[in-house]
């Protein structure tokens, strides 16, 4: 059963790859994503008698955090793929064979990544995810996009190589500690207290840097503005919502092992430091950012920082962090896709050229504005709830300085981001940027509206099943000491 | 056979310096390939025997690191007819000096690490750290895209050396997966280098800094 | 879960309030689906708004009638969220302006912001007008931190869209942006505040915190965050930076809503938080009192220097918020030293001033709006003599001016009187710690009153008296009935509270109940400490005497007077341009407070022979905004811009960062 | 019964006596100038004559112009009923009447200034501007003084604050009260447009304050203004007298005598000052008013020891 969500998208990818028609292919992607969602729904809605599903001798396993991420990923991929036909229809000159196939492959590798319950296997899946997403960034086939792809690939690969070193350190920590372990996460956590502390610590640092590179924590984030800036909005969403969530899941699993070892304070401090550092870097670069897609990339860096802080604080903040992962991903969907539409309509993504989007593409611009308000933590949208949960948890756990800095940085981010967003949506379109025929269309707007509706929903009402799964996942990741 | 381990690792270290010191890209590729083959056979010299699984692994490693990947890179070079000089950011002597300092520090640092007794006297950890360091040097001090791929390979080699320590704990499937990923990664990088040279008519990274703040 | 505190149904006070809020919240929606070219959507919206506000007011009246605190608690499926609402005396008190001003504003908008004339933004304005009203109604009844924050931010954001109604105007965008940033800062302060309260009490429920349950440090932090967070929204100087621009640029009935009601939500939040916290030390009370006094003086001093009618009014909001905070500070001092008469008077005065300010400031903004509609300018020095062309508007503005200056027999006097009484009462006490701030507060309040009077003499005189100074001013026409009726209603309210102040005593006592507690309540109610009956009688006496004397004069003059031009001290060729301008009028006061402004003057060079046409300009800018906040922000952005040097596109550098960071973290202990 | 008689006397005095004060001042000034001066009752003659005259009204003006004088007069009358005169309480007295008194005067000032502005003349605008400016500085001094007496007597009504209770404090807090007296005297001079603040007799409109505001008023309106101004002067004089001699004997007649002598004394003092000093430069006026604030403030601080 667990193989299905991996292989079905792969089969669909093959089908897309061998389809001749540029028009039909996107619909195969939609079908693949729908099938994937159906399978995931089946997996989540009908759990096998309460126990986690597992396969391959426990190497593949759908645990509580995995269920959250997997469910979220399937929604993300489904919505993004429904955006694809409308988007690709506007780019008839481009061959979308690789694009459509790779979206499906990415869906498969991210699923694989989520299901991997073995330290090594997870690494392999993560690297596969990197490789699957690289061609997507190169969709535009110009100098800028190739530069972005190159940077994405090289920095990501170097980072992930460090994560491999970290994983090896972790296994060596077991050897040094004199314990036999299978490198399955449960086993590792069980024997964590016996692991050699210095190796465990180094392992944590390396895996954090490694998966942090994929997540986009500063200062490993440098590929992000380039990749997100040059990739189509659709790909930006998948990267900022999907791939980062996978990397986040990896960090969640590793930190649990390290926390269960002797280094809870160490893990907490480093994660909070990284989180705050990422937020600060993002904030600094967002101020007076002219390129609104790069700005979104920095926003992603910021939110990865928030996730890191949430995990660092631990306890009740874990719940907030998991919820925030979902909120951030969905809101990024709103932002990247609407920004993509605005980019299309103006042929530019710089505020020097773009203004008055509310007049040119009213729906996309309004959604962009809503996305901005949501992502900066304004009620009544989802991120508000999760951010407040994290802050409150930080205060509860006595992290007053971190909580305070968190809020200060949120304020700076708001100023930085707001300046750019408002410059884009308000005012009058420039005379020298005449309308190029792109208008809001049902196929390119409807998925964004759904994203926005979900973001609003999560700010007003969290379904009982989601709530209980989140609690379960937070409990599974938390380490009671 | 374990007594051969340290000399071989010293050889690997020497190859690191070779990679930093030679000026033609083709030569660097060959150095890295040689190191790949060397590392590929290292498991044979570990404490205790390795089973059939180990032989398979050795074969795959040698095949990919020693022949597959270098062939890919050389193919990419031929395709794009790039100029064959390394074109470093800082001079070869300085690179070598940095590499030497790093290697020395790695040896000193490795002494302070809490190693299991059976590993305490081998060069595995220092060699691993030094190779990772060399990889980073290549990545940050060389201009050509292909040199960075080679740097990445060196980095990966360093990780691989460390993997020797944890070989028994690492499942075969993972090892193969890692190698496959590496190969695919380099394959994709090769394709991109191809596109870079087509778009920019050079693979020097100086041209690849359009995207910036 | 889901249990009503009282056996009640749809007609329970709190339900009525919620229904009213929902109705008014949706009042802008029909407009979205009706033609932008026709009035039908706006008419339907106005009907819904009036209906909703009436329902809400009915809920408040029902609460006052029954006297029973009503609450609804329902599950709300977000973490630690709960749909907990309650209608108590304090909430009911604040609900009155929340429902009153939008009701009048919607009617006013029928003519002032006609859909047929404002096709581009009329629908947007009405949508957010309704939403912000509903959010405020929810805000004051919310009893869960998350619900409170959600309502708070909904209000703040809809207010942003209201400020930027005309978003093609760069000035509106600028003002809106400053507002939005301030609002967000305020929300973040509240995040921290509720986070700390959550850490103390273990839930987001807004319940009283026992004095044993909180450490003094925590209490101080929460209090400070409340002061800053809510102060930002209320526009307490020096946190007022957003206020003048936003109020000036918004459509006038929006300015009325913002100044009259939205600011008060900051006041409400602060009072509510202070209600939840156990008594704070005298020092905090003194800080609030001082903050209020400073805000009052800063506000009015800046108001005097303004050339823009609506900016002038906006700065007066800063002033009046200062007066309100003085009352709150007084009450805090009273509570911490056990002087409950001062709590009754201080809080009572502050709350009554909340009503009063809502009434007269809305009145002023609405009449300023009809002036602007008639003349198409906000420049005071371009206006003049409008009382002849627009007598009703002028009379309304005059009534508002007298009220805002705290002059009897109007409502502003009553609330200031209560605060004065409290200040004097405390200053007659023994404790030096409370005596000194109270006495200084009384003197400050007196100064504020005199300065406000000066300012409104300037404003009213320059706009409505004398002769028109420009072409725009001389072609004005009186506002239509839909605009005048709301203004006249507000004027009546000014007089009602001023002449019969006893009528507000009961709602005020209900509102201060929570602070005082039943045990102490028996010691006295507002009427026991404030002779409102006598004051009312005196006001009526004044009314009567003035009417008699006035009639006498008019009777004499009517028979004998002849008309001529103004005596020019011998000069006979005076033109309207030679009238004393508002700027000249204000100049002695501006000179006195010159250090508080940044004054920019452009002096003409006058050549001795054959002087050419020359002009003199002077402009006062806000020391806090233009002198501190904006430069600091610009400087920070400039410093930040250096960080960009680290990201110049070199992948080698990027990989180097990773290496460095790796080494740092590995060395981490 | 006693109270009613007292109140009737009070009302009669405050309505009839004020113009006499102006007469006394003028007489004192004339004495110092070595002139005979106008008769003591000249202000009465002026006011009566003005009430009988017709008036010329500017075409620029509106009803506000006509509203000024009656409101100024009626507020002054109302205030005069709030202040204690002789030993007993004022006809209207309640807790907080001091604030009502101050704000009633403010109301009168507000409308006088508006009426001035209604003419559209620069001169009257200047006067109005100065009037409201200086009021801003006089007001805090007035309130600080009030706070001092309130603190001493523990009462919040003028009748209580300036009642017999205050007398006992002259021995214990005499310095404070003396400071307040001096401060208030300055305020009284400023509020009533006396030298050194304003010279009612000058002929340069540019340098005047109060008089220039009423340039355009004539006939009954001017009469009302003059009458109101004299009542205001009386009010301030009464407060000063009660501050200095807050005594109440058992004999009302004695009380009234003391009060009358006191009032005349204040008027004479003003006359002396007007004769002995010159008008200040306009730019120096704020300094003097701030000094008055400081005096009253020191008076208050002395109590806080």
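First chain written, first letter: the chains are A, B, C and D, and each begins at residue 1.
Heads up, the rule we're going with is that a residue touches a chain if its C-beta (ideal position, glycine included) is under 8 Å from a C-beta of that chain, and two chains touch if they have at least 3 such contacts.
Just so we're clear, the structure is a prediction, and the values are computed from it rather than from any experiment.
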_Chain pair, most C-beta pairs within the contact cut-off_ = C-D
_Please identify the chain with the largest separation between its CA centroid and the CA centroid of subunit C._
B
_subunit A and subunit D, separation of their C-alpha mean positions in angstrom_ = 77
_Chain centre separation (subunit A, subunit B; CA means) in Å_ = 30
*What whole-Å value do you get for the distance between subunit C and subunit D if each is reduced to the mean of its CA atoms?*
35
*At what distance in angstrom does the C-alpha mean of subunit C lie from that of subunit A?*
43
*Going by the touch rule set out above, which residues of subunit D reach two or more other chains?*
none
*Overlap residues in subunit B, where contacts from two or more other chains coincide*: 139, 148, 208-211, 213
_Multi-partner residues of subunit C (at least 2 other chains)_ = 644, 647, 651, 655
*What pairs of chains are touching here?*
A-B, A-C, B-C, C-D
*Could you pull out which subunit C residues touch subunit B in their complex?*
644, 647-653, 655-656, 659
*subunit C contact footprint on subunit D (complex, rising order)*: 51, 53-62, 64, 66-67, 69-71, 73-75, 77-78, 92, 94-97, 99-100, 102-104, 106-107, 109-110, 113-114, 117-126, 128-130, 132-133, 135-140, 142-144, 146-147, 150-151, 154, 156, 205, 215-216, 219-221, 224, 286, 293, 297, 300, 304
_Touch list for subunit C against partner subunit A, complex_ = 76-81, 146, 149-154, 157, 164, 167-168, 170, 173, 176-177, 180-181, 184-185, 187-189, 191-192, 194-196, 198-199, 204, 633, 636-637, 640-641, 643-644, 647, 651, 654-655, 657-658, 660-662, 665-666, 668
_For the subunit A and subunit B complex, residues of the former touching the latter_ = 118, 120-121, 123-124, 127-128, 130-131, 134-135, 138, 142-144, 146-151, 153-154, 157-158, 161, 164-165, 168-169, 171-172, 174-176, 181, 183, 196, 198-199, 225-226, 229-230, 285
*Write out the stretch or stretches of subunit B touching subunit C in their complex.*
89, 136, 139-143, 148, 205, 208-213
